[in-house]
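Next, two complexes with chain A in common: one pairs it with chain B, the other with chain C.
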Partner chain A sequence: MKKVLQVTLGILTAIGGFVDIGDLVANALVGARFGMSLAWVVIVGVIGICLYAEMSGRVAAVTGRAVFDLVRERMGPRTALLNLVASNLVNLLTLAAEVAGVALALQLATSVSYLLFVPLVAFLVWFVIWRMPFEQMERMFGLAGLALLVFAVGLWQLGPDWGSLAHQAVHPSVRSGEGHPTYWYYAIALFGAAMTPYEVFFFSSGAVEEKWTKKDLNLERANVYIGFPLGGLLSLAIAATTAVVFLPRGIAVDHLSQVALPTVMALGKVGLAFLIVGFVAATFGAALETTLSSGYAVSQYLGWQWGKLVRPRDAARFHAVVLVSLILGVMLILTTLDPIKVTEYSLVFSAVALPLTYFPILVVANDPGYMKDKVNSGLSNALATGYLIVITVVALAAIPLMIATKAGA
Partner chain B sequence: MRVLLAVLVVVGVSGCVGPSRTDGDFELKAGNTAKAVASALSTARLAADAAGHGKATANYVSVILGEAEDDASAAQATFDSYQPPSAAADKLRVDVDDTLSKAIDGLTALRITARRGQIDRLPRISAQLGPVATTLEQIAEKYR
Partner chain C sequence: MAARVLDLTLHLLDRQVVDQDGGLVCNVDDVDFLVPDDGSPPYVVELLTGPAALGPRLGGLLGRWWVSAYQLLGQRHDREPDRIPYQLVTDVGSAVTVARTRAELGIHPGEDRAREYLVDRLPGAGHESG
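For the complex of A and B:
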């Protein structure tokens, strides 16, 4: 049982990071519009995030230092500053979207406007970060997020034509009425959702918080290879439910309430209850991750004391950054900007920032000065280099495609 | 800095409503609007049927119906803001607007009924909206 609970960091990172508000919406939207023909992007994304999360966790376990700390030291303050600014801007958008995601899930349960919940959710996020031990936090939200497995049960209950779903996934094509630029725009959004930068910052900083060492490398790998593929499976299940129910009816997904509808049709009120618990846990977990990631990145760049293991009085600047990030995120959502649009934009901007996050990780993971005998293997390097090329192409194509397709309209 | 500013401006205006210069362009906008409202209406009908069969809570169905109504109203408002380029486009505008209004009236009826807690009445209203949904789909198909 202890071993099982030890993989909760991976599950929280994956449920909160891989199946956050961005993934919930993006996968449902893509399933309703393209069927399973973009399933390959989820698989490519899972392999990519596994590769780089394993690297960042290994770096943390071997050096006892988190990624951002080493990036500044290895790449120099200017490059690291660019990385810091880009990833924190994306992080802020994501944080705002996650807080709104929790509020939207509570709206589904109560029918009270999500805007009224936003300040309450932000306070709870701050309170959990302030008071709850790291391990307890990851177990509570990581495991509650498993309620989202109800998507897979709902899909089975809908009785889909499995052969047709598999055919769409194995023979991807652009449906009539959709343009190739739109298809690739959503492919980039899905890829950005899978490889969101905060996931590796959180995972590596979490590894330091949990005091992982070289002895924990197997545990680290178990976290990565169980957590992220689980998140990927959930993503595919979400896309499949909307592909089965919405695609034949020409329904476009614009709201979290719609993401739930196919499962509600299949499983009724029990399914809805599981979904709401899962939505709250996943988005709350992601809100914790993004808020902490902002504090981690700034503190590690500036060499401040950071983390939840340190008494707040001793890491006052870390907690100040956390609080300011949270307040900025809440202010953004309280402008009444559509949270789903914020989510969609955060995914695309996330794709733009990817090379700035992943290139330094690859450099540090290959530096024997830090990693000694635990540098990347030849296979890891070959795969990681291939992914870096893909990531760079994705980053360059994201904004032009966003303009050309009017953000996927 | 100038490049960044230019990118931000282009991104900002990329979501703005464009003018209709030709009948073809206006027809395309009519088709897209009908598609958007048909999507909202189909979502609402599925939710209403699920609630009527005891599968969804009143709070959930109230939220999803309210959002569908808002989406449809926003799509109609955007369509109405387009300048019809000719007399033929004027006629199309009136015809499409008429169907859009019927759909939105139906969505409003669903939302009001749900918020009164009369969940068992939702499937009947949903069934009455079938012909409007079909007309919207036909418009969307004709002008795609």
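For the complex of A and C:
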């Protein structure tokens, strides 16, 4: 059982990265509009994040240096500052949306407007970061997030035509009525969601917080290879449920309650209960992940003491950044901006920041001065280089596609 | 530490400085080195840190703004970076280790202010959360 609990860092990172509020809605929306014809993007994304998260975790375990340390060392202070500003802007938008996401899930359960829950949720996020031990945090939210597996159960209960779903996935085609640019816009959004930079900020910093060393590399790999594919599986299950229920009826998805509907049709109230627990855990986990990531990235760029391992008064500037980020996020959401639109945009912006984050990881993972005998294998270098090219193309295409398709309208 | 050939950009610049207890101190924002007149190899004298060292490396308007913002926050009246003598350095690896504690180095006006005005005023600031 102890071994099982040790993979919760990977599970929390992946659930927060793959099925946060934006992804819950994005996957459902994509399923309803495009069926399973974008499933390949999720799989490409899972492999990419596995590769780079594994590298970042390995570097952190061997050297004790988390991702933003490497970004600054290898890209220099100017380029790293550009990355810091871009990533933290994305982080802030995502964090705002996640806090709203927890509140939306509570609205689903209580019918009380989500805006009333927002300050309470933000306080709880801060309180968890301030007081709860890292390991306990990761277990509680990672494991509770597994309630979302109810999507897979719901899909099975819906009794879909598996052959048709598989056909859509294996022979992807753009459906009539949808343009190619829109298809590719959503492909980028899903890819950006799979590879959001805050996942590696959080995972590598978490590896340092967990005090992983060279001896824990197997554990590190288990975290990556269990956590992220699980996140990808959940994404696919969500898309499949809406592909079964909404696609034939031509219904568009733009609200969290619609994401829940197919599962509730299949499993009734019990399904809804599991969903709400899962929604709250996943969005709360993502809120923790993004809030901490803001603090991690700024502190690592500037060389400050960071982390939950030391007393808050010994990492005062780190905790100040965490607190300020949360307050800014809450202010943003209380303007009644649509939280789901906020994450949709942030996913596309995060695609732009990707190369600046992933390139330094690849360089350092190959540096024997850091890694000694734990440098990358030839295979992972070949794959990672291929992904770097894809990431760069995606980064260049993201904003023009967003403008051309009016953000996928 | 015994004499060792270092590539300043690769081995020192932008590295994390760690104190003798493993605490994170600062980054190496710049390096002061001496080129002896007699033609012997140049050597590192001090590690420079803080916004007054980082600003010039960011360059241009942004760099000047970086230093000025720091002064405005009232942390310093001069534009001098903080300095760590290179004799204190015991190891240069994935981090630069120095043989002092963070408190002894005393280069944390920003940290002290964040602690004094914000963090220490919240309950539980002195307890580890684990």
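Everything below uses one rule, namely that the second predicted complex is superposed on the first by the 409 of 409 C-alpha atoms of A that agree within 3 Å, B and C clash if a C-alpha of one lies under 4 Å from a C-alpha of the other, contacts with A are read in each partner's own complex, and residues count from 1 in each chain.
Here, a contact is a pair of C-beta atoms (placed from the backbone, for glycine too) under 8 Å apart; a residue touches a chain by one contact, two chains touch by 3 or more.
All of these numbers come straight from a predicted model, not from anything done at the bench.
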So, after the overlay on chain A, do chain B and chain C clash or fit? They fit
The answer to whether chain B or chain C touches more of chain A is C
Once both structures are overlaid, the C-alpha centre of chain A sees chain B and chain C separated by an angle, to the nearest 10 degrees, of 130
* Can A:249 be said to touch chain B (first), chain C (second), both, or neither? -> first
Does chain B (first) or chain C (second) touch A:178, or do both, or does neither? neither
First (chain B), second (chain C), both or neither: which does A:302 touch? second
Give one of first, second, both or neither to describe whether A:131 is in contact with chain B, with chain C, with both, or with none. second
- Task: Examine A:258 and indicate which partner it touches, taking first as chain B and second as chain C; both and neither are also allowed.
- Result: first
Closest CA approach of chain B to chain C after superposing, in angstrom, is 13
Dual-contact residues of chain A, meaning touching chain B and chain C, are none
Contacts from chain B onto chain A in the complex sit at residues 7, 10-11, 14-15, 35-36, 38-39, 42-43, 46-47, 50, 54-60, 62-64, 67, 71, 137, 140, 144
In their shared complex, chain A is touched by residues of chain C numbered 11, 13-17, 23-27, 29, 49, 54, 57-59, 62, 93-95, 102, 110-112, 114-115, 118-120, 122, 124-130
In their shared complex, chain C is touched by residues of chain A numbered 63-65, 69, 72-73, 76-78, 80-81, 130-136, 299-306, 308-314, 316-317, 319-320, 323, 369-370
Seen from chain A, its contact residues with chain B in the complex are 107-111, 177, 245, 249-252, 254-255, 257-258, 260-261, 264-265, 267-269, 272, 399, 402-403, 406-407
